[in-house]
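Just so it is clear, A, B, C and D label the chains in written order, and each chain counts residues from 1 on its own.
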Amino acid sequence: MTPSVLAGLVGAALVGLGLYGLIIHPHPLRKLLAFNLIGSGVFLVFGLVARRGAAAGFAFDPVPQAMVITGIVVAFAASAVAVALILRLAVEAGRVTLDPEAWSRPKGEDAK
Amino acid sequence: MIELLDLFCFAAISAGTFFFFAGTVGLLRFPDSLTRMHALAKADNLGLGLVALGLILRADSALSALKLIVIWALVLLSGASTAQLIGRALRRGRK
Amino acid sequence: MSELLFLAAGLIVLTVAVGLARILRGSDDVERLMAVQLLGTGGIAALLLIAYATNVPGVEDVALGLALLAAFATIAFINLIDAEQGDIEA
Amino acid sequence: MSLLPYLDVGLALLIVGVAVWIIAARDLFASVVSYVAYGLLLAFVWIRLYAPDVALTEAAVGGGVTGVLLITAGKRLGALKSIAPEAQPGLAFKLLIGVLAALVAGALGAVIMMLPDPPPSLAPEAAAAAAGAGAGLGNPITAVLISYRSFDTMLEKIVLILAVVGVWSVGTDKAWGDTPAPFRRPKPYAPMVFLAQMLAPIGALIGIHIFWVGANAPGGAFQGGALLAAMWMVTMMARLVEPPRVDAQWLRLALVAGPAVFLIAGLAGEVVAGSFFAYPPGLAKPIILVIEAFMLVSITAALPMLVAGPPSERSEQ
């Protein structure tokens, strides 16, 4: 097994882990972290494809690598928007939750 | 001559690795946050410094060697300054 | 010679990982930050060692970037604590 | 007998271990801090994949700037002590989701083991782009970003602007036009000021260096811009410079400059060189350099604004 295949398998494991965390965690920031794990897992699979596509005198295929660079920046932008939304939600609701019923309950009267 | 340089490289990198090891041992064994911070500083400053010193001899160009020195200097600067910041935060936290 | 660099890189990553595990299991936020800083320094060292042994070009610039950002998270964190507590003494 | 495979396996285990910790940690802040460590470890893997450009981006954007964003969010959310512990899903549900996630990971792993051989590659076309339209670019990744897939890169800059607009629009009406909150400190603090004063000039130099060598070596506008943005944030945190008001004209100009120049150059290509985003031969290198320089400005302006979050009103004292 070459190092790049290993990296690809790590990417697959990260996608699985991230998916699990995304569904399991009720906390929105934990969901965001899990979502970023999925993203980086996909990037690693791209990295494997880039390494396999070594041709034309390069040690790698530059196209997938360039897409990963674009992807990292876009993932960051999306995370920033998500964080802003989560923080505003927390300020408005007085608690950090995605539970839609939390809005109909007055503040301080949280779930038992 | 080459062997002598290799020997120096070997010695510096081994010493650097040792200081990383020492830093972690300190982290595991020392009783409180401030002493643990002291142990970490050894890894930061000496560990990386010696590794960079060992690699300078293997650098392709003068610019690469210069960059290695700058890397070390930057870590020294950040390590020393953040130790101050962290120390203050720890002291305040205990009040 | 490159085997030696791998060995050194492996040892550094191992010791740093042990320290990281120890601290992440603790409960102090400031200490967790110290662990990340240790990983940052160890990471730079191991990165340089591996890259020199496998001849990846341009890795000094990656290490420069990491070294530059070594204190970044800590600064942001300390800043937040100070903003919370107000500057009592400063 | 080489040690390298063992090192690779160790690194892989370490990354998966840290990822498990991100998901499993009880404490929110522990999870966030592990994510910063995780970003750093990923930079390693990218070096092992012979992708120093990506490693640099991951270290600067993935580890550094995202780390600060998440630490800020984690600390502020952690301060809300009124949160009732949320209902955790039951064991059976967790088990079910675990099986589902394992299936997805397994399927992806199986696909990875069955990738076509010989592998498809766009490398020859990218090489042609580097030799033709992106004349004089020794770094194939920069050639791909700025020439072969230039449309992507321009739209990605527009995504950054949209994200800034999105973040700003989350603020309250009353605070509109004011400065973002997190960089405000009551008073400058000497060690932090010292660190920022030392770090920022060196960092600016390194950021511009990485931008400049991007034509021929790992680096480029993304990576250099991320480092410059980090340095700007450090100086703002130390109160060396004040954070800008979000309605400042120069800030908005800086944000739009990159995509605007890129778009103008692209449209000009239609007229001068015969197709959208084609660069006239002979002038390709200077045009690309100008586009990249303006992109650097936009990235440097956008990232701190994204980390800082929406504008918030100053507390009246």
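Simple rule for what comes next: a contact is a pair of C-beta atoms (placed from the backbone, for glycine too) under 8 Å apart; a residue touches a chain by one contact, two chains touch by 3 or more.
This is a predicted model, so every value here is computed, not measured.
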Pair of chains joined by more contacts [C-beta pairs], C-D or A-D: A-D
Per Cα centroids, the chain farthest from chain A: B
Centre-to-centre distance between chain D and chain C (centres being mean Cα positions), rounded to whole Å: 19
Where chain A and chain B are represented by their mean Cα positions, the distance between them in whole Å: 32
Whole-Å separation of chain centres (CA-atom averages), chain A against chain D: 13
Residues of chain B whose C-beta touches two or more other chains: 70, 74, 78, 81-82, 85, 88
Residue list for chain C, restricted to those that touch at least two other chains: 33, 61, 64, 68, 71, 75, 78, 81
Multi-partner residues of chain D (each touching 2 or more other chains): 4, 48, 50, 72, 76, 189, 192, 195, 199, 202, 206
Interchain pairs in contact, sorted by label: A-D, B-C, B-D, C-D
Chain D contact footprint on chain B (complex, rising order): 70, 74, 77-78, 81-82, 84-85, 88
Residue ranges of chain C in contact with chain B within the complex: 1, 4-5, 8, 11-12, 15-16, 18-19, 22-23, 28, 30-31, 33-34, 37-38, 41-42, 44-45, 48-49, 52, 60-61, 63-64, 67-68, 70-71, 74-75, 78, 81, 85, 88-89
For the chain C and chain D complex, residues of the former touching the latter: 3, 6-7, 9-10, 13-14, 17, 20, 24, 27, 29, 32-33, 35-36, 39-40, 43, 46-47, 50-51, 53-54, 56-59, 61-62, 64-66, 68-69, 71-73, 75-84, 86-87, 90
Residues of chain D that touch chain A when the two form their complex: 4-5, 8-9, 12, 15-16, 19-20, 22-23, 28, 31-32, 35, 38, 42, 45-46, 48-51, 53-54, 57-58, 61-62, 65-66, 69-70, 72-74, 76-77, 80, 82-84, 86-89, 94, 97-98, 100-102, 104-106, 108-109, 112-113, 115, 119-127, 140-141, 143-145, 148-149, 152-153, 156, 159-160, 162-163, 166-167, 170-171, 220, 222, 299, 303, 306-307, 309-310
Residues of chain D touching chain C in the complex: 2-4, 6-7, 10-11, 14, 18, 21, 25, 27, 29-30, 33-34, 36-37, 40-41, 43-44, 47-48, 50, 52, 55-56, 59-60, 63-64, 67-68, 71-72, 75-76, 79, 182-187, 189, 192, 195-196, 199, 202-203, 206, 209-210, 213, 217-219, 223, 227, 230-231, 233-234, 237-238
